[in-house]
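Order as written gives the chain letters A, B and C; numbering starts at 1 within each chain.
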Amino acid sequence: MALPSAVSNTGGSDMHRRKPGLLAWLILLPLVAWLLLFVVAPTVMLIVVSFAERDALGRIVYEFNLQNYARAFDWVWLKVMLLSIWYALLTTILCMALGYPVAYFIGRAPERWRTTLLLLVMVPFWTSFLIRTYAWITILSKDGLLNALLVGSGILTEPLALLYTPFAIVLGLVYNFLPFMILPIYTSVEKLDNALIEAAYDLGAGPVRAFSQVIIPLTRPGIAAGAMLVFIPSIAMFAITTLMGGGSNPTIGEVIFKQFTSGRNQPFGAALGTLLLVIFLLALWLTNRQREERN
Amino acid sequence: MKTKTTKTILSAAAAAALAFTATAQAAEKLNIYCWSEYIPQDVIDDFAKETGIKVSVENYASNEEMLAKLGAGGGSFDIIQPSEYVVEALVKEKLLRPLDKKAIPNLKNIGPKFLNMPFDPGNKYSVPFMAGTVGIVVNTELVKEDIKSFSDVFKPANKGKIVVLDDAREIVSWALLSKGIPVNDVSDKNLEKAKGVLSDWIPLIKVYDSDSPKTALLNGDVAIGVVWCGEGAILLNENKKFRWVIPAEGTHLFIDSLAIPKTAKNFANAEKFMNYILQPEVSKKISEAFPYLNPNKEAVKLLTEEQRNNPASFPSKKDLGKMETFKDIGERGSVIEEIVTSLKVE
Amino acid sequence: MVFAFLYLPIALLVVFSFNSSKLNIRWEGFSTKWYEALLTNKVLITAFENSLLVALFTTLLSTLLGTIGAWMLHRYRFPYQRALALLIFIPMVMPEVLMGVSLLVLFVQFLNLPLGFTTLVISHTTFCFPFVLVGVQARLQGLDPFLEEAAMDLGATPLKAFWKVILPYLMPAIVSGALMSFTLSLDEYIVSVFTTGAQSQTLPLKVYGMAKVGLNPQLNALSAIFIAATVVVAIISHTLARRKTP
């Protein structure tokens, strides 16, 4: 996993950081207020609910115990969580491999082209997610376009089962998250100093070495940010995985959603959600500490 | 002062007008909270035009979304569209407003089979909107065996060829039925039995889809489906190779209803809307858009013979006798979800 | 190649918008009837307008919050800064249904806000602004700290230095963040279900559940028009910009 930039930008520039004055506090205030009101407050509510009970209609009854957590620490849910993380990881790696060249190309394009190209990356996603996914279903299904093409051209004799497989799940995730990898990498590539790359060449580095030893390290913040923006949201994503994967491999987002809705068990769903949050924030905090120790 | 007088005069006039005819005032409103794509837009538009009531519509995609929002006190709705077991739960929790039957004379158009059901005796709180069943669709080009029951569907030979509803309660109910247990008898002992059956069944299933199981069937990715009858009716109309089967073990009969939440402000308008929708001509329009089992016997008479003969929309009397409605099982839903999830990940 | 991958489903969608069959599965003949039907479909068009409006306001707010937040966290050292930075990730990890329901309870029971446009924009901004913030922070890493100082040495106030030096430097990240927010907001379903009212029904709310009767091909038509319009606008502004900078 790439390192989260938001918690780790405490590098060498530390000495230039200032103690905030009153004005700085005032400017930061909206952000802090927003976080407290719309992030911290709901999270606290979630945690409170995760210790509560519920009535037959699914309404919350405020009697507290650890029952939900006793139930949540079960191999079933852990397995679901691991599977979700695995898909998210695959998605992140594939998005990186596919997205980096595109981002590099856009970042190195003539300046007046850049915004237009960025827009072109984003526009396909201004359609409804369901329409896009059903389009993919039409492409991948047994009687679908891809199979028709493969069988028709004689490459295959039998249509392949592409849809409703883990392949389809990852394809769906990669497709929908690719822009969130391309955009942050682009912003890092865009500021690359041409002189540095040329210097590498002048010092006798081949294109491969120039790329791996100069360009990649310089664009690392963008790669890290892209990895965050793809990896984190794709853990809890489930609409794509259900539609394209056929639903036989439930993901954590789906399980929580179902406990919340048809299970009518908000407290239990909340407990699973809290667990996910805790695992995640812990991992983030640990990576961050490790990195600081190294510095 | 002046506006107050005008208001008084106006409302007096309005009251007088109301006494003679059912013409509505300009400021009348109705907030509908319903399934998306279940009440055709032109039905709503016609109602608004005819009565002058300003209608706004909010949609949900599952009973539980609606319950969650209602439970948290969100929104002010005048009419909701719950399924039978949700009506039961809402009545139990005293969250519905009793209907004024005098305002809904068209209730007489509903067939006796769908009135006075166990979830709402005497229809004190709800009016049936559409009904339907769960059944089996078979692609006869790909499956040669004669499939008659759930046990015929879930055979090792059909592994990887099956699509089912993505609904844990439904799936468990089929397993219960195959053991001869009534669908609402979800004691721990019975669930344990169902789990035994499902541990053989679940590995055979390729796709879970509640929204559009017809897609996988039409695309040839699967050959057998256990789906809502509305899906079945569309498939039967699309291609003759599909056959509709009511499982020999029996199946679930669902009744989606209209009801008024206790907090509704414009309840009189909600009753007007119910009465409007129960007119045979209006109900026929809904049936044409959504080929479910229409409980409105007068509307069914207006349908074409072909529509009435679609076995997925209108099951035989004998089959109807085998069907059960779901009762509210409250907190058991969570356990049922867990059973199905655990079998899926095994 | 990657652009082909991105546009493959979109091409299919455009083709199907001219299909005469209602089910999006087989080609059955050319027709423009869905476009005609779309023009008179008030519900769909209103929902689409609502979606655009919500997405625009969300983008504006999240870009502001995200950019200013990233800069302040970079520039100054606040107490509890690390905790603050962790909090920003919560909206990204939290499953949508949990976020939707807790925000609903917050709005209705604690803040007494009527559900509608405002609550919708607030909840969308909450999960969109971290995307901007993370992107801008990535760009800030490796920013030459002397850049700002040099500007101030030349007599610029901190505000002016931010405006004239830092902001232009951050622009690519800000544009990216804005694009991401807009996209996320436009397509959000679950959070919207719980946090909106009847007056602000967005397009995804109308689209979900449609699959039951077959996705309405008018949606294909709507998407096709929207994409075409965006591309045309992009090309026009592109050529205009080119004329200005010969």
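Heads up, the rule we're going with is that contacts are C-beta pairs under 8 Å (C-beta built on N, C-alpha and C of every residue); 3 or more make two chains touch, one makes a residue touch a chain.
Source: prediction; values computed, not measured.
Chain contact topology: the protein chains form a complete graph, every chain touching every other one.
Between the interfaces B-C and A-C, more contacting C-beta pairs are found at A-C. Distance between chain centres (mean CA atoms), subunit B to subunit C: 35 Å.
Rounded to whole angstrom, the centroid-to-centroid distance between subunit A and subunit C, based on C-alpha atoms, equals 16 Å.
Under the contact definition stated at the top, the residues of subunit B that touch 2 or more other chains are 65, 68, 215, 219.
Each of residues 25, 101, 105, 207-208, 210-211 in subunit C touches at least two other chains. Residues of subunit A found to touch two or more other chains are 134, 138, 260-261, 266. Only residues 62, 64-65, 67-68, 71, 89-90, 92-93, 95, 160, 166-169, 205-209, 215-216, 219-221, 328, 330-331, 333-334, 336-338, 341-342, 344-345 of subunit B touch subunit A when the two sit together in their complex. Every residue of subunit A that touches subunit B in the complex is listed here, in rising order: 54-59, 76, 79-80, 83, 134, 137-138, 141-144, 161, 163-164, 242-243, 246-250, 255, 258-266, 268. Residues 4-7, 9, 11, 13-14, 16-20, 24-25, 27-28, 30-32, 34-35, 38-43, 45-46, 49, 98-99, 101-102, 112-116, 118-132, 134-136, 138-139, 145, 175, 178-180, 183-184, 186-188, 190-191, 218, 221-222, 224-225, 228-229, 232-233, 235-236, 239, 252-253, 256-257, 260-261, 266, 269-270, 273, 276-277, 280-281, 284-285, 288 of subunit A are the ones that touch subunit C when the two sit in their complex. If you check the complex, the residues on subunit C that touch subunit B are 23, 25, 41, 43, 101, 104-105, 107-109, 115, 193-194, 196-199, 201, 205-214.
Residue ranges on subunit C touching subunit A, taken from their complex, read 2-3, 5-10, 12-13, 16, 24-25, 65, 68-69, 72-78, 82, 84-99, 101-103, 105-106, 110, 122-123, 125-126, 129, 131, 133-135, 137-143, 145, 149, 169, 172-173, 175-177, 179-180, 182-183, 186-187, 189-190, 203-204, 207-208, 210-211, 215, 219-220, 223, 226-227, 230-231, 234-235, 237-238, 241-242, 245.
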